[in-house]
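Chain naming follows the written order as A, B and C, and within any one chain the residues start at number 1.
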Amino acid sequence: MSAGIDLDDVCCDFGKFRAVDHVNVNIQPGEFFSFLGPSGCGKTTILRMISGFTEPTEGAVRIGGKDMRGQRPNQRPTALIFQNLALFPLMPIWENIAFGLEVRGVDKAKRRARAEELLALVDLHDSADKMVSQLSGGQKQRVAIARALAVEPSVMLLDEPLSALDLKLRQHMRAELRAIQKRTGVTFVYITHDQGEALAMSDRVGVMSQGRLQQVANPRDIYNNPVNGFVASFVGENNILKGDVQNVADGMASFATAIGTFRARLPGAAGKLYVRPEHMVLQAMPGAENSVPVTLTEVAFEGNFISVHAVTENGTNLVAELRNDGSASIPAAGSQMHMAFDARNSSILPDSATAGG
Amino acid sequence: MQNNRRLLGHLYMALFLIYLLVPLAVMSGAAFNASKLPTVIPWKGWTDQWFIALYNDNRIWTAFGNTLLVAIAVVVIAVPVGTAGAILVNSISGRVRAILYGMMVAPILVPGVVIGISTLLFWHQFSVGSGLHLSVLGQVSYIASFVTLLVLARLQSFDQGLEEAALDLGASHGQVMRRILLPHLYPALGAGAAVSFFQSIENFNVTLFTRGGADTLTVYVFSKVRSGITPTINALALLLIMVTLVLAVWYEVNRRRNARIEAIREAEGRRAEDAELVAT
Amino acid sequence: MNDLLRRYGTGLTWTFIGLTFFWLVILVILPDFKLLESSFRPYLPVVDVGGPKDVYSLNNYGQIFGNEVDFSFFGLHFMLAARVKVFVLTIFYSGVVTLITFILAYPLSFYLAKVVSPKSLPTLFLLLFVPLWVSEVLRSFAWYIILTLKGPLNAALMALGIISKEIRWIDGYSPVVVTLVYTYVLFMLFPLYNAMQSLDSNQIEAADDLGAPWWRIHWRVILPHAKPGIASGAVMVFMLSAGSLLVPAIINSTTGNWFTQTIQGIMLEGQDWNAGAAFAFMLLLFCTITVSLAMRVFRVKLSDIAK
């Protein structure tokens, strides 16, 4: 049965360096939760605090409601999938998987049977007696998952498990991991720097930067309604314009920039204007509002979308992304067109959270 | 020009090997010579009388037995002690580590006479008399260093993540040691045991001063060498050389077999990787 | 300390510390202190130990002096205490042994590190190792057989017509040097090999390509890189030679005495443990100083001297 995790105002210091800064989050039982952020943002430290290899300097880590302070890793109901997998090279696969059972005193026949069950669960048949060196990267990945599941943890912790795999395999494994999570119902805490991964797999995502949680929300909200510039920039692409806010009304505001005044959403504090390239529309005639005349500098066909780079009269660069649905003709570089966007698809956002978003 | 030098290299290697092995051959040859003194010149005819004499010589066998006892005791003590030292040093860093490491390696360089005399003096003040037990203690003091070096080298290739993974899965520290760390160290422990064993057998300096009245092989040969020695010693030497050769061959065969198996496994892993890239 | 406890748990950590303590303190450090301490005390019958006659002094060290004999060294003649002479000659010839082992081992280690194909290496090493496993006493004894007046070496040389009368090999310091070289040459070979192995072959090829003759390549590229190996090999061989007792005891005649034999004489025949302790300590001190100096000159650390 899975458990929820509560991080209550958790801080972690290494000497003078604060790796995790007042993080508060409640992860629900059975949830697939990802911590997303660049290297050094503190997500690995959080994982090690949940698993017990590091203790928080302040605050409490609770699993299933119980405070975990003082509990060593081998006493906690968590199972960790290491980044380099840490499979035991001197044991055959089934012993790797059954190791957690072995240390709990389960007898050999039962262990072996359970290992075979789990191998079937992760779709790795006939591998029980092989050695680790005989497997491919993806297969080793699945053994690591089976090994963790064997101890029936309340929480599974995954440390960027897919980063060593190449692209196509990664996408395949994403679906697999999600399927396994749904099948077993265990709480998954996943850390990654790959936003595509986090968005595709998670129920909710926690975006982190420099030890602070910037935003916790489901993937659609993270992408469509970022609370600050960091989240907006880290997850997806943006056109970013500096300017001043005028005339605030009903959550919308006028934003005066060097290339014109635009109407945009203002969800919170003032800052810069963010418009995603896929929300930019390219048209021959100027639009009703939020329209800018541009000259196209570069048109790149990238497979399933076309990226269009343009420049305004005063030299500001803008990017639009057009879907390649085969119908519309591809504009040529050098042509004069207008770029426009719907005000509801834009946001004025502060840079980053000073205190948790 | 390159080829000439290669040839020269091969020749030198061959000569060097001959240089190393000829004295052993001479030594063994003397075991068959029907001469009262151990020698190959003059050759007085083939005989196996010295092997028979060896079989009957009680004093040699007592000495040999003592030597084995001491060697086994040394292995039993030095291997755990040296391993403990290596694990300890490996887990520390900074100046303490450097100092500790220096202390562990230094005994190898200390002259055996110093070890022997210091051991003798130290234990005598507690009224512990001379004897084979003192020889064991004296030998362990420097033989453990060899074990430490071997185990430390092996520890470098150990992934600490494996210990963490095992702990995370619920293992106690004892279980981690037994099932994860020690299996990785087995080759080094085996090598350490072998080195300890052979180093102990051939030790002389420490043993001479600490043994009290008991004989070990080295001391026995030494005491007889200049006075009334017969080729029974050569017969014993030949036997020991044969045993060494058998062990060496067995070790080599085993090593080759294991290397082959590992290579096959890794090839299979690579094939699986390639198959995976195509399949997805 | 905390890291240790965290990694291994209380029980195991204390076991490791306990075993190491037993080894380093009880088997090494305390006995050496006792050695040092005893060297300053006179040799007394049991009843007098701890009594008024048991005073600290340098008397035992003084025993090295006295009994002057003639000492000729490369043409210089002077009078030196007999034991001091033995000490000096022991150190000198240990150095000779070190030099000879270096000359012998260097070409071979280069051959092993650079010329031989890596597949044959384990087998070759095994072949080289086998003599090492045969006991030192037996190997010394083998040389005794070879070098005796009527032994195979003389017989072979005479048969080849190189000499007309048997040479008394077992005289002076030559047999000890020869046998020590044989016994310890592998201790020079392996560190040298290790050091050379880490040298990138491309560097040698680059030098060759730039037109350097083979001796210059060695002198300017290979030797400097092998320095730590040379230093550790030299230290090992020197210490082992100076401290060797078995080899000189078996192969020496009375005209060549090794300092360790002097110590043996005092300890076992004279039963003067305190003087023996003093002499042993002198040997230790001298060797340590020599080694430290060598390490400083060659800029090598103790950590490089490992097999």
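Following the convention adopted for this analysis, contacts are C-beta pairs under 8 Å (C-beta built on N, C-alpha and C of every residue); 3 or more make two chains touch, one makes a residue touch a chain.
Everything numeric here is computed off the predicted structure, so don't read it as measured data.
Two chain pairs are in question, A-B and B-C; the one with more C-beta pairs in contact is B-C. Closest chain to the protein centre (all Cα atoms averaged), using per-chain Cα means: B. Subunit A and subunit C have Cα centroids lying 63 Å from one another. Separation between the centroids of subunit A and subunit B, computed from CA atoms only, is 55 Å.
In whole angstrom, the spacing between the mean C-alpha positions of subunit B and subunit C is 18. For subunit C, no residue reaches two or more other chains under the stated contact definition. Residue numbers of subunit A whose C-beta contacts span two or more other chains: none are found. Multi-chain contact residues of subunit B (touching two or more other chains) are listed as 172. Against subunit A, the residues of subunit B that register as touching in their complex are 159, 161-162, 164-172, 175, 179-180, 183-184, 262, 265-266, 268-269, 272-273, 275-277, 280. Residues of subunit B that touch subunit C in their complex: 5-6, 9, 12-13, 16-17, 19-21, 23-24, 26-27, 30, 38-42, 80-82, 84-85, 87-88, 91-92, 98, 101-115, 117-123, 125, 137-138, 140-141, 144, 146, 149, 160, 163, 172-174, 177, 198, 201-202, 204-205, 208-209, 217-218, 221-222, 225-226, 233, 237, 240-241, 244-245, 247-248, 251-252, 255.
Put simply, subunit C touches subunit B in their complex at residues 3-4, 7-9, 11-12, 15-20, 22-24, 27-32, 34-35, 38, 104, 107-108, 111-112, 115-116, 122-124, 126-131, 133-139, 141-146, 148, 150-152, 155, 182, 214, 235-236, 239, 242-246, 249-250, 260, 263-264, 267-268, 273, 276-277, 280-281, 283-284, 287, 291, 302-303, 305-307.
For subunit A in complex with subunit B, the touching residues are 51-53, 72-74, 78-80, 82, 84, 86-88, 90, 99-100, 102-104, 131, 133-139, 147-148, 151, 166, 168-169, 171-172.
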